[in-house]
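Please find the structures below.
Two complexes are shown next, each including subunit A; its partner changes from subunit B in the first to subunit C in the second.
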Partner chain A sequence: MSQNISINVHHLTRVEGHGNIVVDVKNGKIEKMQWQVPEAPRFFEAMVRGRHYTEVARVTSRICGICSIGHTLASVKATENALGIQVTSQTFKLRSIIKHAENFDSHILHIYFLVAPDLFSVPSVFPLVPTHTEVVVRALRMKRLGHEWGSLLGGRTTHPNRVIPGGFAEYPTEEELKILRQRLINVQPDIDATVQTVLSVADKLPSFERPTEYMALSSDTEYALYDGRIQTVMPDGTKQRWPVADYKTCTNEYMVPQSTAKYTKNKMASYMAGALARFNNNYDLLNPEAKKLAETLKFKPLCFNPYMNSVAQLVEVVHSVKDTIRLLDEVLGAGCRPEELVKPTKFDRGQGAVEVPRGILFHEYGYDKNGMCTGGNCIIPTNQNHANIQLDLEALVPKLLAAHKDEKAIELGLEMLVRAYDPCISCSTHYLKVEFKR
Partner chain B sequence: MSTKRKVKVAFFDFSCCEGCQVELTNLSDPIFVGLLDHIEFVEFREVMKERTTEPIDIAFIEGSFTRESDRARLENIRKRASIVIAYGACAATAGINAMKNHTADYREFVYGKDASMPQLDSQKALPVSAAIKVDYALHGCPMDRAEFVRVVSHLLHGKEPVIPNYPVCVECKMRETVCRYDLDDHCLGLVARAGCGAPCPADGIPCEACRGFWDHPNEEAIEEILKSKGKLSPERARDKTRMFTSTMRRDA
Partner chain C sequence: MRYIIGIGNYSMADDSIGLRIVEHIARNGLDRGFEAIDIADEGMRLLFYFNEDTEKIVLIDAVDFGLAGGELRLFKPQDVKTTKNTKRLTTHEGDILRVLEIARNLGYTIPPLTILGIQPVSLEPVMELSPPLQAKFDEYLKIALEEIWKDK
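What follows is the complex of A and B.
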């Protein structure tokens, strides 16, 4: 085969942040295959130095506009861990509910606005407004639910202001929680319609498998999103767990010569984080309705197809709705009431981890005796996925070449692969700067 | 602008979290679909593959100007657009990105031994107006959705947009929020630009001036009040306005 291919996707569209895909094939031989990240650096870890512990989460939430709830939660949890704060059971449940809201909200945004256009063969959601009005309006209606669900707990969803160390600064009323519960029941027809929409285009999802290691938070009692321990599942199904405090030895950040975006690895050359990683690790603890959907879609763990990450997100959409109804029943059953903030008992170092839509997120901070931050460290899911994306692309390009795909088809296949990861590049390069020559 | 032709709108992003773009998807279905009757998105990388070389009526620029290499891209947007709007705090004032501006060692702190790698060079974070002429600013972190709709509506009707220029305290009084200083807390509402409706004090946290200072902030007085009424240490009182208003301080 003497194929020449030159792909240069500069600032890949329909992803959060800036990334490039560069492929050079000369006479059928791959000379260059890179996933590049030219996002501007922002230096958050240095910015939190000297800030009071009550301010830190409001700084680090600004790492990402899509997962700012998750950054706030990871930050507040790390601070609480450093300050010896044990939150109440009500706080734990309300935070679990806002975590569900973020995953629902972000997954709907990703499935409908970022992934669906490829499956409908249009460049963006806007051409669908006249041709598939009902689908677009449904997407916006579900997005609105996710936003109002999160805002009820967080005050707002982009940089929530009510989640603070020790608990919540303000509470929803029981009446508001009851209305939310009813809305989560009423959304079922929209979910059913979403499943039908996905089924109608499911054959457009490429079949490509590359077994890898999958990392996610894991718990014995629930499908871990707000809390749990670090776990990975290997391609042979072997699972291992570590405490969150050991996050550095599980992520092993390193620099590579061809990119200044930090990469991570654990046991294998790379690992994947995100909805598919959670699905592969924690399938057994999904809500029965979510499992039923997975069965309908013939989707079961272990799944090695990264394009299926979007389908795992859909399964999680159902899980988050159902599990929030369960949590609301518990909170309302006990009576939701404002609580005093739990006060610090020490000032030390602490770590916190949550599952954001794109995967496992770690925050760590140190505090001096006055509660002032001495430094921080954040390890972001997309950062953890960069190496896995690169290795996927390296495995995928030869397959597409062997199938005699033309340049346009290869480009689309590669773009769709990167989009499937739902990368959040502002996040992953929250302090990195990369300059690439075109 | 003619009502027959849809107004061509584009979004561009620089150094930021892109949360202000996400806020557009939170406008709710009737408002978003309603807007599409009047405007046409011609470029919006986060949600569109389409790009344009045609003139743009309104360009919204999100994010701060943090490196010289971005200047040409900004100048190109300015050349193509009739109206340029700094979209959100990062673009309007450099916002949270400027928190590091007064320090010299942030690279070493984050990178350690790798700090001298040439690609890690980064300038101070500056507002977009440091590189190109900006016609209007949508303030806030995130920007306020109602204000976005209002400003777009004003421009569609050929009206001069009105951006509030008075302190957040005014809005707390209007919604009858108890002052943070009366609850043993502190607050920057006295010097912060209003227009958000003061949601933070109402939600139990201090205003940190994410919309920047209003035009006449008394910096000496706020530092004094943070110490005497807010009980902040002298260092905290001095640094409190570095969160979102670093580039607006007298010492910037």
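What follows is the complex of A and C.
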């Protein structure tokens, strides 16, 4: 093998923010293989210091525009844990519903707009507009449902303002919840069509496998998204659980020279978080319809192919729709009514975790006797995946070289791998740059 | 229905100007006769407000016109052309003009849309506006409200 390869993907497209892939191969020997994340730290943890507990989630929800619901929930849960607040069953269910909304919305965005272009062999979604108009229109219709589903519970989808420590500031009416339920039933043809679209291009997903450790929230009673304990499943199928309070000993953050973002590891050199990690940990608790879809796709745990993360997201789309209908039936059956906020019983330190679209998310805060924040900590899932992405790339490049792939094919394979993780790096901007027409 | 919509990344300094104006409107109950919407950094969400009953949208965004920092311009999308390198941009990264292009190609009816563009000074990862934009915040707010309430 005497291949020379030089890949330098500066600011990988179709991910949120900036990440680079650098590969140097000389005479068939890999001299450099790096996933680089050059983002600057934003010091959210310092920003919450000195703020009252009622304000903290408003600040930390701004960590991410896509996962702001998840950050709000993790933040509020950590605060409630620190303040000795046990929320009511109705609050637990309504928050589970808004969590489903976020995962549904984000997964549809990822599957249709970020992954599908690779499978249809186009550089972005734009060329699909004239050639696959119905697919794009369907994607937008489903995204709109996700957006309005979240807005109904959160007040607004981005940065929900109704979810506050102790419960909810405002409640949807029963009539609104019934309309949502009907819309979730009506979305079935779009879900069926999505499955057909994915099946039509499924053979384009690379068959690469690299066994690793998979971390997700886990519960005995449900496919954990809003609540649970930390769990990992190892390549041999053994599982272990930890309380959320032990999150630091499960994540073990560390620095690497190639990245400004922190890396993490647990029992192995790296672990994966996200839809595939949840699927591998909690498959048995998926809604039967979601399981049926997985069976149709011949997709079962343990799956070691990171490209299948997007397929796991599709399975979760079905789960979120069906499980929300179940939760709505329970909430409406009991009668949805405004409740008093549960009051603090202490001021201490507390941790909270939820599953956001990209994986397990941890928040922790401390409060003084006046309810003022003394410090905080957040560990986001994209950072937890960086080490695993790096090791995947290191394992993938030799395979692509051995298969005599050319530089362009290798570059695409690596880009698709990173995109499969749906990384969300915070430094994206969307400003306009224009000049006036004369 | 009328909408003031903010887009941007809240943690990237002046990129957040639209979001902060919308947040200020909502927090102070100034959203009378219109809805104040924060679509964060996902421009495709703008399409959800292109409905038959949408009378008017005022979109607030950071815009690089090559002007002095903090300067503003009110304009229609058809008044400008993008000078951003859009070759590799996608919906997850593109600007709002690309979203409008998608909307047109999909046959959406684009409601009357005015952009309040504000020249950024800083697009660095900090959680506050640069001093020139902070100093002119009330002016931006006043212009956005006047524009949305016009012809009501």
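The definition used in the following text is that the second predicted complex is superposed on the first by the 424 of 438 C-alpha atoms of A that agree within 3 Å, B and C clash if a C-alpha of one lies under 4 Å from a C-alpha of the other, contacts with A are read in each partner's own complex, and residues count from 1 in each chain.
FYI, contacts are C-beta pairs under 8 Å (C-beta built on N, C-alpha and C of every residue); 3 or more make two chains touch, one makes a residue touch a chain.
Quick caveat, the model's predicted, so the values are computed rather than measured.
In the superposition on chain A, contact is made by A:S124 with both subunit B and subunit C. Once the two complexes are overlaid on the shared chain, A:I66 sits against subunit B and subunit C alike. Subunit A is touched at more residues by one of its partners, and among subunit B and subunit C that partner is B. By the touch criterion stated above, A:E170 is placed in contact with subunit B alone, subunit C being left untouched. Contact with subunit B, but none with subunit C, is seen for A:H52 once the two complexes are overlaid on the shared chain. When the shared chain is aligned, no partner comes close enough to touch A:K300: not subunit B, not subunit C. In the overlay built on the shared chain, the residue A:V137 is in contact with subunit B and with subunit C. Touch criterion met: A:L109 reaches subunit B and subunit C at once. Residues 13-16, 39-43, 47, 62-63, 65-66, 68, 109, 113-114, 117, 123-126, 129, 136-137, 140, 143-144, 147, 156-159, 161, 426, 431-435 of subunit A lie at the contact with subunit B in one complex and at the contact with subunit C in the other. Listing the residues of subunit B that touch subunit A in their complex gives 13-23, 25-26, 28-29, 32-33, 36, 41, 44-50, 63, 66-67, 69-70, 95-97, 99-100, 103, 105-107, 109-110, 114, 117, 119-122, 125, 141-142, 199-200, 202-205, 208, 233, 235-236, 239, 243. For subunit A in complex with subunit B, the residues that touch the partner chain are 11, 13-18, 39-43, 45-47, 49-52, 55, 58-59, 62-66, 68, 109, 113-114, 117, 123-126, 129, 136-137, 140-141, 143-144, 147, 155-159, 161-162, 164, 169-170, 255, 260, 370, 372, 375, 426, 431-435. By the touch criterion stated above, subunit C contacts subunit A in their complex at residues 7-12, 15, 26, 37-45, 47-48, 61-66, 75, 78-84, 88-98, 101-102, 105-106, 115, 117, 120, 123-127. Residues of subunit A touching subunit C in their complex: 13-16, 39-44, 47, 62-63, 65-66, 68, 109, 113-114, 117, 123-126, 129-130, 133, 136-137, 140, 143-144, 147-148, 156-159, 161, 426-437.
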